[in-house]
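Presented below is the structure to which this report refers.
Every chain is named by a letter (A, B, C and D) in the order it is written, and numbering of its residues begins at 1.
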Amino acid sequence: MSVEVLESGFDPWAKLAGYHGGGEGREKSGATAVFVGTMRDFNEGDEVHGMLLEHYPGMTERHLEKISVEARGRWELDDSLIVHRVGELQPGDPIVLVAVWSAHRKAAFEACRWLMEELKSRAPFWKKEQLSDGSRWVEHNTEG
Amino acid sequence: MHVQVRFFASLREKAGFAERRLEVPAGTTVAEVWAQALPGEPLPDNVLAARNMEYVALDSPVQEGDEVAFFPPVTGGER
Amino acid sequence: MSVEVLESGFDPWAKLAGYHGGGEGREKSGATAVFVGTMRDFNEGDEVHGMLLEHYPGMTERHLEKISVEARGRWELDDSLIVHRVGELQPGDPIVLVAVWSAHRKAAFEACRWLMEELKSRAPFWKKEQLSDGSRWVEHNTEG
Amino acid sequence: MHVQVRFFASLREKAGFAERRLEVPAGTTVAEVWAQALPGEPLPDNVLAARNMEYVALDSPVQEGDEVAFFPPVTGGER
């Protein structure tokens, strides 16, 4: 089980290739579900040129660990990985990676999606978008 | 007693500072910490509060040495 | 949109890193949902040492293309990728990769899961397991 | 007329061959192709059939040059 908040860019596929978890025997897993969120270049009809992602150091990591543990209580999981960017982002940059390993695809899919919804609704991250004519804090989250 | 109050994102910009040490009376609640930190500034409806990095209700009491944080709705994940 | 049936082993994360689709502007996508299925070393209480995956060349690819097109009719997707192994597999080998790109995570998650269920229920693949005391055709699919 | 009949997986092993060209009368159905290819062998309840690589019902008629395939329930994906 791993949680990472990164100040600099990351490649989600390289992260996954390099992640070996707690040596928990991936050959048991069978099913891996992954979600990758990347920065879009539009929002609410406006072109977005860049984004600043703020977080609450300490509380953010704690919250992501808490939901990772909770997911393992709700589903039979072998492992999970959450990576989230903070700082200055450009369109196309990966923002978030959530990966879940399980013996069963139903558990893997459901836990991965649940982790994303939990992360979006409660993990302390805030986005400020840079538009052509200034910047604005994002006030609403996108629907699940 | 003393608490450390912190603001994030748009609330940090509204407050004009990121954190401050406050002296508050015993029995002070989270909402009263806001009022003392930003006198005259109404508490937004959608504000979230954390005490020592755990979500907390606005009427919870605070204790000596607590870190009390206020922030707007969170917007992590993809967009 | 891509569909591949492979006779030899593949690394799903390398596939994803190297996949650039139809130049459809990934910066629009925002959401990528991925499922990777790997070969487990147990099934129905028995240790499984290897697996032979048979398919129906021609019909298999056609079926995978058909469900990829159908997914794009059901959800707003930017792109999709399906890779499936055939031939001799060892425990831990990746069997299947399904990836879906969309502007919205709900569409990405739902379409990815739907493609997996469709693939498992209708795509012409058959597994023969090598056990300690012989081999057997797998007769039932795993529940979704 | 002629059709090409194909068997896959456990049905291929049961048939003892993977494919064969058959001469069948006009109006022959998919089920009748099975009966002619494997005389005396009952059609399994869970058999799937394809005509020219598309799923098809067992009572569908076949045509000159068709490829008719029989196979057990499919088991792709992870396990």
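Please note the rule applied: a contact is a pair of C-beta atoms (placed from the backbone, for glycine too) under 8 Å apart; a residue touches a chain by one contact, two chains touch by 3 or more.
Quick caveat: nothing in here was measured; it's all calculated off a predicted structure.
Asker: So which has more C-beta pairs touching, A-B or B-C?
Answerer: A-B
Asker: Calculate how many whole Å lie between the centre of chain B and the centre of chain C, each centre taken as the average of the chain's C-alpha atoms.
Answerer: 48
Asker: Which integer distance in Å separates the CA centroid of chain A from that of chain B?
Answerer: The computed centroid separation for chain A versus chain B comes out at 26 Å.
Asker: Give, as an integer number of Å, the spacing between the C-alpha centres of chain D and chain B.
Answerer: Taking the average C-alpha coordinate of chain B and of chain D, the gap between them is 71 Å.
Asker: Pull out every residue in chain B that's touching 2 or more other chains.
Answerer: 77-79
Asker: So which stretches of chain C touch two or more other chains?
Answerer: 30-31, 36-40, 105, 116, 142
Asker: Please categorise the chain-chain contact pattern as a line, ring, star, complete graph or other.
Answerer: Shape of the chain contacts: other, as it matches none of the listed patterns.
Asker: Strictly by the criterion at the top, what is the full list of touching chain pairs?
Answerer: Contacting pairs: A-B, A-C, A-D, B-C, C-D.
Asker: Quick one: in the complex, what on chain C touches chain B?
Answerer: Within the complex, chain C touches chain B at residues 30-31, 105.
Asker: Quick one: in the complex, what on chain B touches chain C?
Answerer: 77-79
Asker: Can you list the chain A residues touching chain B in their complex?
Answerer: These residues of chain A touch chain B: 36-40, 43, 51, 53-56, 58-59, 62, 84, 95-96, 116, 119-128, 137-142.
Asker: Across the complex, what residues on chain D touch chain C?
Answerer: Contacts found on chain D: 6, 8-10, 48, 50, 53-55, 69, 71-79.
Asker: What part of chain C is in contact with chain A in the complex they form?
Answerer: Checking each residue of chain C against chain A gives 11, 13-14, 16-17, 26-42, 91-92, 103-106, 108-109, 112-113, 116, 142-144.
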